[in-house]
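Which chain is which? They are A, B and C, in the order written, and residues in each are numbered from 1.
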């Protein structure tokens, strides 16, 4: 990747104000108050069932909080920033790899005549030109996730959410995804990503949001989190102990 | 007539009918296909979006519509025919249109029969696909309305089967088109009513021969759809 | 997206397009027809349709008048219903008593005798009830009842069914379900069923002659005047149903009664036999 089409000058800030989420009478998350500002990469960590994916979906707007408020502070007020999300298991449409990209371009209103060329650019950036015409859903897991990243890139997001994007991939594919995440961030895109992999978090995180049992335990800069976390639970998590 | 002899005669009849390109048979076949295909297209244009909407929106009374559609899938053709007859009869609300005993009336009756099948099965397919696509399409910023064409297109292989099921029901039924079409020679006589007529005349070999021709036609339409679907599947996944 | 939709549904749309185009062409021609009022709907009985009579009559009538007759073949009871609702322009049926009631109720303005044939008793070739040498229809029906031989009845309130019921009444027989089967079907299906269960059956001669799936059945008794089967043509009431094509229907009605029409009926033969005997007065 060389240059982003639209570099971002001011990173939008996300504020969660006493947000909670209840499903069928059971509180799954919250209350959580949290502010994600600055241009960095936030890793949302925690054991299984901590509410990481749920938090990501609330931030992205796929789910509405039961109580509390999620709001953005952006240079253009009253308008949420352009966002995209990459899922643990990429959801690709039943069409060719190329068509999946032109579809995404159509959703953001790219003129028809430019879609094919820009989609092709994205395939080149992510090393996918050889599989352009192949049905997206028969690609390997790594290729599918790279295609999902290419698609997210075409959406020109200011914020990119990634939900466990590497959990089903082999080491080479994991490296490709992590390189892409770094490159995205280098281009000015705010990254919010969940992971349960400590090594991955160490490689990527600027700061860490640590959840457990639906509660926000701590939000700490990465260096401090991995060296001497503020809380006993985070300490136990890092030392590989099971906490519930 | 003994069974083996009957079947032999039926096959001979079917072959003769096809090889001779009997003009009366050709007219009947063309009319049958036109009526059933028109009915399936009209029903699909309504039922595909309707089924998709039922899959995506949850509103009060939705359950009632879903149950009603599922129940109507088993609607006896004679009842559909009788209902359409009463509507189109001169004494009925739409009598002025003068549609009774015309091909248009037969199309209407078949739409009534086919629409619930296509709508109900479309709902199931789209609901399953929405479970998979929902978050991604929402992430794109699509409303549900905008999602419908995407979902219908991506469910196309399943929906072809759904539409073929509708075509099968349309082309196979006799009760409804007999009542609203009247089985008028050269005007509203289709394969199934011709088969019923020949059966009534005790002309079992000819009736079975016509049945074989009908079955062959339906099989050809299905084979064509299958081949198109397969090649598209190979190209697009 | 749209491009794909169009491409993918191409076949279906092409088929549909051609079907619809043809359909609208057909609709146009039929609406032209109705503008020119060049066809009528005739409600008639399955027996006349299945005997092939109309295949012989209608081309001749069309040649002399230019009018197309579209035959909807149903039971006599249903034919009356079509007439009452105004769904047919003309009726040709065979239940004289019912036809007279229909006129008396004001649905038809005129009823005329057109032709007749006769009813016949069909049964298994070995004739277990021995009706072959019966002296009268009444005797034949009595013998079937005494032998309690299986009997297949139309049971559909058709002209033939009504005629059959009159025969039982005159024979003074109370039919029992142990051997008397009401099928609720047209003449053809009833003959098919009778052939399947080797039963006696009351049929009109025309349908019987045209019927192919006889298996072991034979014509066992005929000839009694009581088995006379009269067909009548009805002119529907202009007052009740002003929208009907009364002019065309009247031309058809008059043609049936004319020398030309009567001759055409007499000329029709199937398997070397005359099926209908003209008797317009």
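Quick note on the criterion: contacts are C-beta pairs under 8 Å (C-beta built on N, C-alpha and C of every residue); 3 or more make two chains touch, one makes a residue touch a chain.
Computed from a predicted structure; not experimentally measured.
S.K.: Touching both chain A and chain C, which chains are there?
M.R.: Shared contacts of chain A and chain C: B.
S.K.: If every chain is reduced to the average of its C-alpha atoms, which one ends up farthest from chain C?
M.R.: The chain farthest from chain C, judged by C-alpha centres, is A.
S.K.: Which one chain sits nearest the middle, judging by mean Cα positions?
M.R.: Taking the mean of C-alpha atoms per chain, the most central one is B.
S.K.: Sort the chain pairs by how many C-beta pairs are in contact and tell me the top one.
M.R.: Result: the chain pair B-C has the most contacts.
S.K.: Counting in whole Å, what is the centre-to-centre distance of chain A and chain C, each centre being its mean C-alpha position?
M.R.: Using C-alpha averages as centres, the distance is 76 Å.
S.K.: State, to the nearest whole Å, the distance from the C-alpha centre of chain B to the C-alpha centre of chain C.
M.R.: 30
S.K.: So the centre of each chain is just the mean of its C-alpha atoms; given that, what is the distance between chain A and chain B in Å?
M.R.: 47
S.K.: Of all residues in chain A, which are in touch with two or more distinct other chains?
M.R.: In chain A, the residues touching two or more other chains are 95, 99, 103.
S.K.: Going through chain B residue by residue, note those that touch at least 2 other chains and give them in order.
M.R.: 150, 156
S.K.: If you look at chain C, which of its residues touch at least two other chains?
M.R.: Only 1, 4 qualify.
S.K.: Considering only the defined contacts, which chain A positions touch chain B in the complex?
M.R.: 57, 60, 62, 83-85, 87, 91, 93-96, 99, 103-104, 107, 134-138, 155
S.K.: For a test of understanding, state which residues of chain B touch chain A in their complex under the given definition.
M.R.: Per the stated touch rule, the residues are 132-133, 135-136, 138-142, 150, 154, 156-157, 235-237.
S.K.: In the complex of these two chains, what residues of chain B are touching chain C?
M.R.: Counting only chain B, the residues touching chain C are 1, 33-34, 37-38, 41, 44, 89-92, 95, 98, 100-104, 107, 149-150, 153, 156, 163, 182-185, 187, 197, 199-204, 224-225, 228, 232.
S.K.: Inside the complex, what are the residues of chain C that reach chain B?
M.R.: Touch residues, chain C against chain B: 1, 4-5, 8, 11-13, 15-16, 19-20, 22-23, 26-27, 30, 34, 41, 46, 49-50, 54-55, 70-73, 84-87, 186-189, 191-192, 195, 210-215, 241, 243.
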